[in-house]
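Paired with chain B in one complex and with chain C in the other, chain A is shared by the two complexes that follow.
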Partner chain A sequence: MPGKRVLQMAGLITGVITVQLLTRFTGTGYFLTQLTMSAYYSLVIIGLCLLIGYAGQISLGHAGFFAMGGYISALLTTYNLLPYKDNAIIAVLMKTGILVVRTNLYGSEILYFQPWVACIIAVSMTVLVAYLIGGPILKLKGHYLAMATLGLGIIVYRIVLGSAFFGEADGLSEVPAFTLLPGLKVSGNLSVRISNYYIAWGLVIIAFITLLNLVDSRVGRALRSIHGAEDASSAVGVNTAKYKLNTFVLSAAFASIAGVFLTHYNGGIGPSEASVMKSVRYVAIVAVGGMANLWGALIMGVLLNFLSLRGYFGSFDDAVFGGILIVIMLFAPEGLIRVDIFRYLKRAVSGEKAGEQNDGSS
Partner chain B sequence: MDLLKAENLNRSFGGLKAVDNISFSVGECLIKAVIGPNGAGKTTLFNLISGFLRPDSGSIVFADREIAGKSPFQVAEMGMARTFQHIKLFPKMTALENVMTGRHIHSRAGFIPSMLHLPGMSREEKFIRERSLEIMESVGIMDLADIEATDLAYGQQRAVELARALACEPRLLLLDEPAAGLNMRETAEVAGLIKKIRDSGITILIVEHDMSLVMGISDEIIVLSYGEKIAEDVPLAIQKNREVVRVYLGEDDA
Partner chain C sequence: MIIELFFQYLVAGITYGIIYSTVAIGFNIIYNATGIINFAQGEFVMIGGMTAVTLNAFLPLPLAIIIAVIITMVVGALIDIIFIRWIVNPSVLRMIIITIGLSIVIREIALHVWGDGVRALPYFTGNEITSLSIAGVHISPQVLWVIGVCSVVVIALNFFFSFTLVGRQMRACASNRNAARLCGINAKNIVTLSFVLSAGIGALAGCVISPITYVQYDSGTGLAIKGFTVAILGGLGNSMAAVAAGIILGILESFSIWVLPAAYKDAIAISILLIILFYRPSGLFGSREVFRLKEF
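Showing the complex of A and B:
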């Protein structure tokens, strides 16, 4: 099993490096910006794929979790605490390095939360909200769950759009770079474009591998069993409520982390990131990818987000994703990518006959 | 020694008393059958015992612990497994994966350890797989392991469901009409299998319409009619019970 995983990881890393080299030799380095952003959106999508495709629970509110991560970390890293520096608590936080000082474009000093601290607070708060809300709403099924999560998404959207705190329609800007390690920072600055491409994809690959591990495990079987026959699942001892909630929270955490990173990369975040159309887009991409197909979700996540970010869909952008959702539901509810690509490739390489290999992974 | 003891169980749906003050017990390592005409409350009784329904009143003691009102998964964790009248297999999973899911309560890997594939995961997975295959072999469906469960023939699906329940290694196994939809040969096979399971030390409570099956394998039989228990005895005595015959055949014994 781990051998297979190493192979999968090697394949992904090769692909990522190949794409970067291609852009280098074809002089299309500017593609890396959208590929980096697509990677972060794909992180939301693979998390959502676990929730929808494996646990069988819909969410039309994941843009809300993405926005929570992005907005909270943006607020914590842009709100100037300098006027309160004489406050005892602030002073202690400064001493411990939780609060740091930077000089902005206009030469004035800003006292703000260290991005790592902001990131941890943002993701923890998202997880807490997902946990508190997920408990009651995951008791709902089907359309009712869809509507409840839609409501959650709308609430987050209205809050960020309506509060001066979060910059209303302008959102928050001037978000500083996020230094992960000395010399390695998440930032949209052109000089670090290539390293940011690898940061984003490194994060996605790690997340993706953990999800592949998960669906191939006892937990993965339990999730699929809930999706397939919830009664029978509880009859074999699966605590279905707990598993659904954990998956919901996990996927919210993925969305939140993506929100934090993309906000630092873009240097800001606006209310459109929290909009319902974003949530619909994520669901549409999971559907195109084949619902219970992490590979499909990843590939479609990168491809469609890249096309969208490059502006290929023009002013029809949102309409394209709405249209995709309708067409998929009508004609291919199992998604476009049905085969396990990795298994297919392995079979093609080794020349095995179809049907011989059945290792239960997806 | 009673493994399961129900006392004064009641459950109504609207004005209908589906289970009306029923008390009974199941001794360890016995096959006990629940029979009765359609609508007698057999499945409701099963759902009460396995936690799918909450009794309005009454108590259910399983392995010396009160389980009335507990969730199905908690009851399962205590060592009770069940099958369903209408087969409920996990679709898009192979027969083996279905059975492996039955090992849930006997394995531990949680979210984080599974995601990180911590040491020990592979060993546990291997053990789950081996044990599941053993159980499938004992039910005679080893060769179906890699076929998607819902693609199997009806009788085979019943066998997979049974194997999945056995994978829980229960102390008490509830079988809801295990012979429904099976032909005579398959029914005879199921009868042999149920006896074999009992002989391996698992207590069985069975709801069944097929009289030949029930009379052939049961150690004791409970007869329900309109939610009430009208008889409880060994098979021979049940066959001679005039009340039971009247309920089943509508005979006028005046």
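Showing the complex of A and C:
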């Protein structure tokens, strides 16, 4: 890592620690719950930022990938396999420790998948789906791509809402804690709130460093060339289809990992996590952050999700995100953080039309 | 018995199909004039229905519908003038996001104005239990209203685009905007007009269907997705093909209830959309060659 990057990361880590200490000294430890949830949502958002901002491919279906991760992992860790324990396959899985037993709230025993196994299955299934669907979907452009990804999200939403084993409108609950390492649990229990805050942020920072390095590498340059002019980039030898697909799959994987962790943290998941509005909200945050700006996506992701989760937007929650989308796209398609106020003023003074900047995306 | 059931499903399918086609035509009008898909199209239907229900409390039904349609047209015009008209050379991504944002904001405003209750206009003739029996199939008179009004709209639109000066100007803008401008057509006004027209058609559809399907603050989204599916299925921009595609989708959906739980009904329509997008993005009736040349 170059020196600048090390400094930036040190700053980010210091910020994360400072926030935790601040909540401790001001007696607002309850903020940590929403900060942890926001961190998981930010994981989806930075992945989506790579796809929309750098590769220039819109996705209105990322809540679907989030929900796939969350729901599959929740199903595997809550579905009681005890009635089938005489089955040969189940018996083998029990011996190898893939299936474990716990006692639930009411004292009855439940045989379920070990959360690590469930997590790996959930993420790999999401990746597989993203890989299979990504090929044909990413051939589409513009409205067609937007509508196809939107459709994908709606199909996931309809399936979780309409299937009895996904709990229909109630979703799945009583998801057990996810023991990452001995003594390190992902769970909503108040006693592990601080450690969960650091688990979430550790995950986000690892993902963030990966993405920062990725966009500064050969891959990142290839993605930007695809965004700028796909035909031209293909002509200079970039395998555009492969790069787009890999980015799509990577961002889907990020979304599903976030889904798995947040489901364990919340102890459940409901169909609203798969709704179109969630997908639109992720896109809105990427847009506010400045599209091709990972830092913007991360900061806005944490900030806006935190405000929304704390209920500061009241009953205007969705309207706020809709409004953000309109205002940002009308006046600052490059994002809030990118708007160069001095240049903007200078241009306004010299009388040029401000609207004529070409945002280059298509 | 089973044959009667078959026709009953068929009629239900055709009714929904025609509703979807009307929304699809709204998409097509704006797409033709601007090259953008207005994701807030479904909201026009909702505004039309909701306003008519509110006005009907103190106005006779026909007047309530006419005023509701006019109000929605004004909303359509305002959307274009405030949000679309002044953007120079917008990218598709930007327009998609703006219209999605608009649809969310309109929906939320509707939620705060009208609440989340389900509303409906009264039946235009008869009531919920009146039904005509044609060859053993029971048809509500409202279904005939839907089919009748939508057919009139489609025919009138065709007439408008073929024989009136304004309609021809709109077609000119659709096929080549710069050439149209060189002929002295004010392209910006044509775009505003397309928003007004499309809002009006959406609102009228919203009024006619509200006794059957009911209307709620968020009922526009579902219709917009179906309408879009139909518009793609028929070939984007082709209004007559949209009618045929709408009826096909309506019938497919209606019969899908026989094989799959009703909860998956929407998933069927969207799966069809995806399949069409993957294998024949020019639509069932569109030409592949023309499609390849289109900018989008």
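Heads up, the rule we're going with is that the second predicted complex is superposed on the first by the 336 of 362 C-alpha atoms of A that agree within 3 Å, B and C clash if a C-alpha of one lies under 4 Å from a C-alpha of the other, contacts with A are read in each partner's own complex, and residues count from 1 in each chain.
We take it that contacts are C-beta pairs under 8 Å (C-beta built on N, C-alpha and C of every residue); 3 or more make two chains touch, one makes a residue touch a chain.
These numbers come from a predicted model, not from an experiment.
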item: Which of chain B and chain C A:N239 touches, first, second, both or neither; value: first
item: Partner touching more residues of chain A, whether chain B or chain C; value: C
item: First, second, both or neither for A:G220, with chain B first and chain C second; value: first
item: Partner chain(s) touched by A:R5 [first = chain B, second = chain C, both, neither]; value: first
item: First, second, both or neither for A:A287, with chain B first and chain C second; value: second
item: Chain B versus chain C as contact partner of A:A146, first or second or both or neither; value: second
item: First (chain B), second (chain C), both or neither touched by A:K95; value: neither
item: Interface residues of chain A shared between complexes with chain B and chain C; value: 358, 360
item: Touch list for chain A against partner chain C, complex; value: 56, 58, 60, 136-137, 139-144, 146-148, 150-152, 154-155, 158-159, 161-162, 276-277, 280, 283-284, 287, 315-316, 318-319, 321-326, 329-330, 333, 353, 355-356, 358-362
item: Chain A-facing residues of chain B, complex; value: 50-52, 71-73, 76-77, 81-82, 84, 88-94, 96-97, 100-105, 107-111, 114-117, 121-122, 124-125, 128, 146, 161, 164-165, 167-168
item: Interfacial residue positions of chain C with respect to chain A in the complex; value: 36-37, 83, 86-89, 91-94, 96-98, 100-105, 107-109, 112, 221, 225, 228, 232, 261, 263-264, 266-267, 270-271, 273-274, 277-278, 281, 296
item: Chain A residues within the chain B interface of the complex; value: 1-2, 5, 210-211, 213-214, 217-222, 224-225, 228-229, 231-240, 246, 250, 292, 358, 360
